[in-house]
Amino acid sequence: MRYAFFSLALSLLAGPLAAFELEERVLFDSPGEGPTLRILSTTDIGLMRPVIEAFLEENPEISIDYHAASSTEVMLALTEEAAEFDVAISSAMDLQVRLANDGYAQDHRSDATRGLPEWARWHDQVFGFTLEPATIVLSRDDFEGMDLPQTRQDLIALLRDNPEQFEGRIGTYDVRTSGLGYLFATQDARTSETYWRLSEVMGGMQARLYCCSDDMIGDVASGEIAMAYNVLGSYADARTDLHEDIHIIRPEDFTTVMMRTAVIPETAQAPDAAGLFVDHLIESSWAQENSSFSFLGVTPQGLAQSASLRPIQLGPGLLVYLDRLKRRQFLEEWSAALVQQPE
Amino acid sequence: MRFLLVEDNQQLAAAILDRLSLDGHVVDYAGDLDTADSFTSTTDYDLILLDIMLPDGDGRSFLEQQRSAGSNTPIIVLTARSEVSDRVGALDLGADDYIPKPFDFSELEARCRAVLRRHSGTSTNDKRFGNVALDALAGTLCVGDTTVTLRNRELRLIEVFFASPGQIISKSKLVDRLFSYDEEVSENAIEVYVGRLRKHLATSDVAIETVRGLGYRLAVP
Amino acid sequence: MSIFRAGTGSIRRRLTLQLLASAALLAVVLFVIVFNFARQIGAESQDRVLAASAASILEATAVQSGEIVIDIPYFAFSMLDNANDDRVFYQIAQDGEVLTGYDDLQTARGPGSAPNFATVAFRGEVLRVVTQTRRLSSDGRPVNVTVTVGQTRDAQAEVLNRISRMAVALGIGFFVVSALLAILAGRVTAESLSRLAASVSRRGPEDLRPVVADVPAEMRPLVRSLNAMIARLSGAFNRTEDFIAEAAHRVRTPLATVRAHAENTLRRVDREENRDSLREMIRAIDESSRAAGQLLDHAMVSLRVDQLELHPVDLHSLTRELADKLAPVAEMRDMDIRLNRMAGAEVMGDAILIQNALRNVLENAIKYSPADTAIDIDLQVRDHRAYVSIRDQGPGFRPGEASTLTGRFTRGENAAGTIGSGLGLTIADEVARAHNGQIEMTNNTEGPGACVTLSFPLR
């Protein structure tokens, strides 16, 4: 491997460098004279590495300084802290739209962005480069010999019929802390009332709340919990090592599809290199043949053919659930449904 | 010869009549077309002198009338207009010649002679003196059997002598008859023409005698 | 010197330009109207959507157990989504205190509860905002909830852009069509004028009948005035001709009378002093009558030249006829007129004028040559022109004199003692020019005498 990379412990970054919390930092140092591209992302480096390496293959003079953080932290870093990053990648579409709407992003136009479908691009500032469904992950052991639930209604019936089997063994996002979880929950609530019924059922069974998809997948695979609701399908698909232990279900009533999006912040120091990187993301994900992108869960063609896949629309509508009052009300409702016995 | 003069200006007519009579012609005078018509219906003329502007009409209508009635009497038009003024030329209507007023009598005479010569060729009454006969119209002089053709001035000169044979005619008068008034000629110029005539008359029994200090005279010596 | 004043230009160009200018003006007006209308429609439709958005938020506002509860509907913002991804800002306030949204967003103030609109600047963008207020009752106290929704105007600008491009195209199209019509109108108008001009200029100079060209009503006064002028002109021509004829008659007849009497008297008078006086008298009469004659001739020639009418003229027989006519006069001076090389030649012109020109030259030759000499006339054709040359054996022209003799009243140095007015060659020159011809005066190369040559283009 030509690129030296190293992880830095979080502690090294603590203190004056940043007020927001970093989870991970990797530097892909290039011997070239080119700029260093500072990327702030909600995506684990493990999933991004093939993409980044392919990019550096093509642009050997550019170095990449990759920072991973939670979506809320990403938002905070770019708005409150005015941290200087060249690309912001996030799964929280609403926050990305808000960044652009509030003027923290800059325009980027290229052949690649023009090739994007209308719904995968907003204001020449927010670019979707993945299509990742929110799935239900089931433990194969627990569902041995049972009909797998294909819809939320199936799931509700199943839980009601077997309360003792699933009591305390259901996992879902804690939307109070997970930006992606909040996005999925609000979209579900917007799409169907079934979500609230399901939430109440899950709440009644002492559902466990998680921060991340990976944790949920791990717990399902290990049999810690029997099922996890609204898990990122792409992460589940990526964990091929666990596929013998889990089922990945895309609910047939509707499956919310999230787009991972990239934004070039207003404060970018190397906007040209950032543009190249964004183009690279778009090309390697939307060009089907040589896709080196491991988590393109849904193809655009598949999207067109399936009625149940509901991609989240980039647009001002996403701002609604970011509203203070709206969020407070939603969280109140959500807590009332899911956290029924606060202890 | 018998002339008809149609002219409304009486003074001019009188002068022309006077002159033509002096030259031995018989002239009838008409002051208007009506009178002219009555003359032509009763008399044959050798020549008609016709004015254009007449009190009772245009001379050209008389001209047309004459020609359409079959008369071929020579007609010379006297006109106060120049030819450029005439939209319809008198010549086109059958006039034999025209002469603009005012005119030199010599020129009138020359034109009349030319017209008459074209019509009849020879005159019917030759003038004779001694053994010399003069055909003024043809411009020929016969001495015995020899006939000579005279040049114009010779002819006019001998005409003067034939008109008054035996009389002494002054050089001054001869000059006036032979030359135009605007020519500056000395009286001696006449001697050239007298000399030529003497040559023609050498074989005849007449001679032009010089009367010293007075002039010349035609005589039978 | 041109008889037309400069700067009046062409009617066709002026008309076309005026129509073009009005077409351009109309095109601009059209553009402005369409553009403004589009902008108004665009603004109104954006305002309507903004108002609907604000209204939907107010709809979702309620008082629950003494507290304001606002459940912003998802479509309140998604309805503002458009192809241009316009950015959306909002603010919800209760009695002037901001509850949620963008704190620093400017509201559109105005009376009443009807939606108020304003265009404001916000974070470097220009926004169109709507502010709407709803009065609620909380615990019997009135509470005013104010919702302000703002949106950038990219989409509107884009639509406006598209419409203004279309309006420009429309304006240009309108202008092009109008321009074509203007050119056509200019041509049609100019054509009716040219038709009139053609019908006037086609006619011969003596054709003084009224113009009867088919012209538009606006041009009829012009044709009427033209016809009135033609009538006056024709009257003037006739009066001039009559005047010249009358003048000739009045002058020449008395002169003829006096001269005839003088000549008759001269024959009768013997005394030399009296004879001299009479000769002087005759000479004076000849001089004045010839001068009067040539003046009147000249006037008449000028008149005819002005109304020159061209007909085929047989120059050969015309010259012969003239020689015959003048033969008696030549004979009186014992001169011969010799017709030598006489080619056949036909030219276009006024026979009477041409004959008069030749007559003046021939009369001069007879007058200025000594007796007993000959005058030679040749008619030759070369280079598509006919040349009539009249050669005498007189004294000829003095060197350098020839060119001046065609001036009025100029007489040659050698003409002293000969009666003349000096207009003969002037008339000949004018006639030649009027026929695109020339008069050339030289002295004979062999022997004495002058040679005057008149040339005319062949028919």
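Which chain is which? They are A, B and C, in the order written, and residues in each are numbered from 1.
The definition used in the following text is that a contact is a pair of C-beta atoms (placed from the backbone, for glycine too) under 8 Å apart; a residue touches a chain by one contact, two chains touch by 3 or more.
This is a predicted model, so every value here is computed, not measured.
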Top chain pair, ranked by number of contacting C-beta pairs: B-C
Label of the chain whose CA centroid is most distant from the centroid of subunit B: A
Identity of the most central chain, Cα criterion: C
Centroid distance [mean C-alpha coordinates] between subunit C and subunit A, Å: 83
Distance from subunit C to subunit B - Cα centre to Cα centre, in angstrom: 63
Interchain centroid distance [CA atoms averaged], subunit A/subunit B, Å: 145
Complex contacts: residues of subunit C adjacent to subunit A: 69-78, 80-81, 83, 85-90, 92, 99-101, 123-125
Subunit C to subunit B touching residues, read off their complex: 241, 244-245, 248-249, 251-253, 255-261, 263-264, 266-267, 270, 272, 275, 279, 282-283, 285-287, 289, 293, 296-297, 300-301, 304, 325, 327-329, 331-334, 352-353, 355-356, 359, 371, 417-419
Contact set on subunit B toward subunit C in their complex: 9, 11-12, 14-16, 18-19, 22, 53, 78, 80-86, 89, 97, 100-107, 110-111, 113-114, 151-153, 156, 170, 172-173, 176, 180-184
Subunit A residues touching subunit C - in the complex, by the definition given at the top: 100-103, 118, 122-124, 190, 313, 315-321, 323-326, 329
